[in-house]
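Below are two complexes that have subunit A in common, paired first with subunit B and then with subunit C.
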Partner chain A sequence: MIENSFNRRDFLKVLGWGGATVALSGCGNTSVEDGREYVTSYVETADYIIPSIGTYFNSTCAQCDAGCGIMGRVREGRVLKLEGNPDSPINSGKMCGLGQAGVQAHYNPDRVREPLLRNGDKGEAITWEKALQLVNEKVASANPGSVAFLTGGVSGHVKVLLKNYLDAIGSDRHYVYEAVAPSVVRAANKKAYGVEMPRLRLDRAKVVVSFGADFLGTWVSPVHFSRQYAKFRKGVNGERGVLVQVESKMTITGANADRWLAIRPGTEGILALGLINALIAAGLTVPAEVAAAVKDYTLDRVSNDTGVSVEHIGKLTALLKDRSPSLVIAGGAAEGYAHGSQNAAAVALLNQVLGNVGKTVEAPASMPFPQMAPITGNRSSLQALNDSIAKDEVKVLFNCGANPVYSAPASMNMKESLKKVPFKVAFAHYMDETAMEADLVLPLNSSMEDWGTVVPEYFAEGAQLNIQQPLMEKLHPGTLGMGDVLLALLKQRRPAEYNGYEDYYAYLKNAMVAIKGALGGENEDDDVFWDSVLSQGVVKLTSSSNALVSSASAAGLQLPPPAAEDGTYPLRLIPAVTPNMRDGRHANEPWLQESPDPLTTIVWDSWVEMHPKTAAKLGVVEGDIVEVASKNGAIKGQVYVFSGIHPDVISVPLGYGHEAMGRYSKGVGANAFKILDPVFDQQTGELAMYETRVKVTKAGKRVIVVKDEGPAGGNQSGRRIALRMASGKVNLAEEV
Partner chain B sequence: MYRFLRLSVLLVGLIAAVGSVAVHAAQPLTTADDLGPVVDQPIEFPHDRHAGDAAKGGMQINCMYCHTYARRSNVAGIPPLQKCIGCHRSIESVRETPRIKKLFEYWEAKKPVPWKKVHDLPDFVRFNHERHIQRFVFAQEKPVQEACGYCHGDIKTMTVARRQKPLSMGWCVSCHQKDHPVSATSTKTTHGPNDCWQCHK
Partner chain C sequence: MSITNLLQNWSDFRQQHPSDERPHQEYKWAMSIDLDLCTGCNACSVACYAENNLPAVGKEKFSHGHSHHWLRIERYWHNEDREYADQGAQFLPMMCQQCEAAPCETVCPVGATNHTADGLNSQVYNRCVGSRYCNANCPYKARYFNWYDYPTTADVWPAPMEQQLNPDVTVRGKGVMEKCTFCVQRLTVAKSNARTEGRSVQDGEVQTACQQACPTGAISFGNLIDPESRVAKQWEKQQVKLNHDKQAKDAVHDGDKLRGYRILENLRTYPSVMYLEQLREGAI
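Our next item is the complex of A and B:
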């Protein structure tokens, strides 16, 4: 949406004149700066540091919670580029685009550089001493039970310090919030397998059926799954694995699948039960109670409900019957409904009757130090905090790594809600929407300046502990690490215990050396052990596996029929989690805005994705600005017509439309979080992300969509590289 | 409406910017005899004392003792301060001279000496010291001071280094066109690479 006040022709004219003027005046050799530029040498240096040659240091990626091991190339004291750490079982030396953009989180010009205290509408810079003193005063004067921490997913030694601090002040209010998390699937897995997230062995499966789990793009541990996927494609004994993706809006995983089935939104569970019924008909033996539960899910009924043709259900049944072991995964698209738990349970049941539990669904390793194991977040936790705030139970609120003002639906009204908390402290990298509401903003080190340990939520092999170490000196002297702040606060509360540690580094080293026996260094000298840990970046722990049960049953499975059409709001909104933006916390890293979305190739804006049939019905074409209105609000966006989406739904990517945060994210696109309807999963109470009903109306203007591909499939058609076909004629479900 | 106004403002801006470059370019960086500008350094480092001939009071230290990165890296590198101190800590005779006192002040403050660049190339040129040192010093077994001197001149007679050669592309190419033996013992000859991308990449 570029306002055209100075057109291209004028620009070129000026450029031409400018070019001629430069040519006339001759080029100055202005980049040669001998006698003017400084050349700074080291005071002291190590033998392995050679100017102009990079040295690699291992650390851990902090861009998402997958916990990939990274190596930072450091040259002349600056980190330049990140690579994957080959020793990390999670990513085996690979990395994703989101991880690559990590250097832009570090060098970002919009980082908060000093503690800011609210003075009216402005933030006034204060010293850390004053800031921490203020925090101590406020916490001391508040009732212990009214001090709360709101964080994102947290693990390792920072989690231990946070727990100790909350214990020291006598509060148990730690709310862990993640805007986009597979919380319902976790709960369903816990019921079916006894663990929240089993180890999924894509590499052993011959068929993978994914119900909307975007495991190659955004789901749980995408880099690890991509690696597994490569092995799956190579196949066991040369038998290439077949991937079938069932979802209403195509994800990058769907785009990679052998067969992509566009399913009517919310009917994933019906298809799963229908498949069980069809498998029974094909000769699979299942427990009688399961057979009884699924007997009504006949081919015709399932096809009618889900919109997947009888032929395709038959093909899928044959595939699952013939090729074992298989693996069925429930992801974001299955869980995002009021009956999301039921959908996930139906998928787990399908896994069980196929005999996959124990073969491709394995028990994950357990973390031998549970105090460091990650706490995963969900949305009901934020709801709980919001309820407590409404009851005036929270007087001091610390916020770290969560941005609820941006990502909570408008119906929660977090911005107004936070105003009721008398003292709000935000630990922040950017002045994001939540930091803007804070009374005190404490600037954090970037992950490339900080010490820490990270325990990934999903272990690729055994349990592991990742090391985070600074890849360079702090860019801004006024920032501090979260660990350092917690330690400083703990020194006030428990001086006897913590005064011995000069800083978080000293604490961390001491804590790691204290458990070196369990970390495989029992016979090593303390310093030798510590150095080897830092150089490896990953510590593999000896651990036992959690027990896996297979207790999925048909009892209590209640799948509602496909939702009836809503006259006023005829379409469903799928808030898409894209590999670049995810939940929007990294929107201020320009590489992520600039790199095209893998499916639509759109850059620097959000879009409203719809099927050609839907677009025709609405009378819109690509580039039309439309208003997407739900019962809870409306956003505007440019239409993008795409065949990889069910005609009953439209999709708007998450992560855009920030009102604050920084120069690269503010005002770019629209925030789809804000218009979500407050519909919740009936069992877990999680927000059902896919339940929002919307209507789409033309808002008048038409713009040129800024994207990488050209019109109608791009220039490839013109060059006869790809077959030309009008996008309205392509039915991806039929093509593959 | 304001289109022409906007155009002219942009044009005037461009001409002003280009003009300032032109004024700058009018002051040549090189003098007629290709000497670079005299560079004031924080410490007037006596190259002649360190590397000069013994007959003239020099210590005849190999260039690569201090510029140790030249044979391993693109850049020759300014030695780390700890290298200076490593020797000077045990040279009592000059310990109280003004330059050495200043050197130790930097060391005690753990601050690097703010040297200024003497030899610089435009950002679009990649010069590699390692390749040249490996060829001339190690393959052809030329004396180090001679090999370094091809580009840096007779540093052993100078105090603070000053650029002696133009370091322009034509000057580089004039040498790259000359044949030279591939090694000290070989009769085979070759010349330096003349591909654009060797330096412009």
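Our next item is the complex of A and C:
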């Protein structure tokens, strides 16, 4: 990190040599040859550049929406490696593998490098001037209300510009779509706590019971929760925190639990209410209406319905009774059903009767600049867009950061649906499935070439504003930042307001300096303030806390009995969100393909995971290729057998099976999104991800599963390699 | 290095396992990994790819055992005959254990793998002739052989991916053995900086790539000679002694309160990595 101030533009000019050499291999004169830029020799370099010594610059990780602070090691004008920014409260200097692979998104050989205009089946390279002019014409000739934006989660100044652009053309069609998002839990939290995502204090809890929230791997802010988990395990005064994970398919969080409880799919809410009932029997005082609502959830019935043994329910009750405060979290496995909202509400009620609200469930900080606060996405937003397209209401569609052609279930038929939109613009890093359908593809800068501000959805402490800044000169001269494009589009609509900004950098600096008082820099010179912001990478904002209410109630809780068996489609499909692949947007980064899945250790392919009992019933063994068929389609995959999954379900990871995108992702594995049944959560209308019924049939061949575990399949064969002992034998307080 | 030189000065080249007569002088790099904190997330492994120019070899080569993950997460199940793996998995980050009496060193015909003064098992790429004896002799299977020329013919880094390569670390060609170095390039910089300032490297001044990334802070690394270093304190507390092949822990059966151990210690490799046993709650 550079503490003293310097002129960032000059810095980038020095770095420009890398960009210039790239340009040399193309056609035309480079800016160096034209004399518009100079190559500065290292003989007279700036103070902060020492050849062969890496310099760190702070920025923000863009691999997921958690908003971890990063610092990129820059040497000789290239960014080499990312480390966590120790000053970011979210990740405190740490990073996950997905974040590490950010450099492979940046240097990826399959990035789109210039604007492409559709000509039949091909994309023809055009200039940005022509592209933006075309956009201007199409938007001007369309009815204002028929111009729509489809984006992923968006925040910061880009969100402000996007809103301004939509206002300028007179449209309110901004659809925010995330294929994998805790939308149902957000809605349930809003009801129970008054906020969508309360601040969870794992570090203060003595017991954590997670109903399928994979907070160590994929859920909300995994690196932050991992930091908290470490404190939770070390415990207060050496009393080690106890983790119990309830889910039908083991996640990486489940693999770290003291007890992993395999639950019959969809009965999470029943277990939560059963625990309340058992807690009452153990002497916990609860409101009368709660007691009345749970009195039918007797131990035997709950055990029978959920498949969790009476012994384990009893032990879990005792644990929750004796060790307070605890923390109960509802995650993907609880919300993925038609009654997902009910499950999540039951879990919230359990948290409340345990008295955790206010102790381990805290009010999150509120964002003092709501216009920059993140908009989170969900699937019903995509449904709304799809419905509008069906009614011919959308004439121009901009798509940025979402890949619905890949990730929407086949029942939505996005590919055909998009054909009805006359002009589709895709802002793209890769030629992914959705960009392939576009009429105009506009290539974006990588997050390591771009300016921006990011507001994370989940604040670790107070509110914060993250800075994204270029870690090197652009690799490809033909790409542009999203902010720059929006600014150019706004200049077409509101020239008086925006012509004063040369580029997005100028806009951003101006906007930040304008609010410097609120960002803690009221007495500073503009440039000093700006430089210190860039140097820190994170601006901590003074903010108040949102109010937290404790309004979970038993009223209206309607939990259906365990689902009846379906004769034709006897198994349930769990589409697994894995730490490497998530929703598949990073499938073209080879480190992630080669990084073994933590549980199965499989690389470079997807798989069909099942319990040994299920495999025996189907007559298949590891490596058999099977067909997984739902009412909405079928995929094939290799069988992997292991005992971290309920016998009633099978699981296929998401993120694989791309039909486009790039050399490392195309044709690798199968796309489980495609066969999901259109079943929805009754309250929120979200896709119930775990409701798909499937049948599995042998499809002939058998292959050798390419995986990292040896032939012993995770058995130590009597050797003392990985050891385990009972926590009661150790005094953690005495350890270093 | 001539063979005469090698034979005459054998004790300088072949450092024996540490003893009271031959202690380490200034530095002895060592590690400690808390398996109760390791979640098996693979962040360390990917960080190692980024730092050390490891090739992602692809599915086919991976299936032939040609992967290059210097740091891999081993995953074990311990569910005996229970229906479910209901106490979770056992994750174990496995890398070169930097043995003090390394089985790989004695078998190298050309002295390509040998011991450094600060206790690292070093691999000299341009001496290596690719006999792979070291690989055969490593009980931890922590050595990786370049069966292909990854930078050129195998095209693992198509342009512009090669721009990500760390200039501080050699890009290995075909026919040489490689393995975890404890990020020796970072150690060299830290030692050089410290020497310039006339002091020794302070604890926390240098981190390995895996340690720096680890989201739960399960990995600690430092100088075992420095009694103030976290890693030395951990070894001390767990009563694990570098130059012993039986530890205090092995003697105690009941009321056991130590969880530090080294893997396959009975082979007398004297590893530099101590692991802390995973814990599981008995009340649930």
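As a convention for this text, the second predicted complex is superposed on the first by the 669 of 736 C-alpha atoms of A that agree within 3 Å, B and C clash if a C-alpha of one lies under 4 Å from a C-alpha of the other, contacts with A are read in each partner's own complex, and residues count from 1 in each chain.
We adopt the following convention: a contact is a pair of C-beta atoms (placed from the backbone, for glycine too) under 8 Å apart; a residue touches a chain by one contact, two chains touch by 3 or more.
The structure displayed is predicted, hence computed values, not measured ones.
Asker: Between subunit B (first) and subunit C (second), which, if any, makes contact with A:His658: first, second, both or neither?
Answerer: In the superposition, A:His658 touches no partner, neither subunit B nor subunit C.
Asker: Classify the contacts of A:Arg585 with the two partner chains as first (subunit B alone), second (subunit C alone), both, or neither.
Answerer: A:Arg585: touches no partner chain.
Asker: Once the two complexes are aligned on chain A, which partner has more residues of subunit A within touching range, subunit B or subunit C?
Answerer: C
Asker: Which partner chains sit in contact with A:Ser52 here, subunit B, subunit C, both or neither? Use first/second/both/neither.
Answerer: A:Ser52 sits against subunit B and subunit C alike.
Asker: Contacts for A:Glu33 in the overlay, against subunit B (first) and subunit C (second): which applies, first, second, both or neither?
Answerer: Only subunit B is touched by A:Glu33; subunit C is not.
Asker: Under the stated touch criterion, which partner chain does A:Lys395 make contact with: subunit B (first), subunit C (second), both, or neither?
Answerer: A:Lys395: touches no partner chain.
Asker: Should A:Leu599 be classified as contacting the first partner (subunit B), the second (subunit C), both, or neither?
Answerer: After superposition on chain A, A:Leu599 lies in contact with subunit C alone.
Asker: List the residues of subunit A that touch subunit B in one complex and subunit C in the other.
Answerer: 18, 22, 52
Asker: Could you list, by residue number, the parts of subunit A that touch subunit B in their complex?
Answerer: By the definition above, subunit A touches subunit B via 6, 10, 13-14, 17-18, 21-22, 25-45, 50-53.
Asker: Spell out the part of subunit C that touches subunit A in their complex, as residue ranges.
Answerer: 35-37, 39-43, 45-47, 49-51, 56-59, 62-63, 67, 69, 72-79, 82-92, 158-161, 163-167, 209, 212-218, 230, 233-234, 237, 255-257, 259, 261, 263-264, 275, 277-284
Asker: In their shared complex, at which residues does subunit A touch subunit C?
Answerer: Subunit A residues touching subunit C: 18, 22, 52, 75-76, 78-84, 91, 93-101, 103-104, 106-109, 216-217, 222-223, 226-227, 229-230, 233, 240, 242, 244, 250, 252-262, 312, 315-316, 318-319, 475, 579-580, 590-596, 598-599, 601, 603-605, 613, 642-644, 663, 668, 704, 706, 708-709, 713-716, 719-731, 734-736.
Asker: Taking the complex as given, what residues does subunit B use to touch subunit A?
Answerer: 3, 6-7, 10-11, 14-15, 18-19, 21-22, 24-25, 29, 36-39, 69, 72-75, 77-82, 106-107, 110-124, 163
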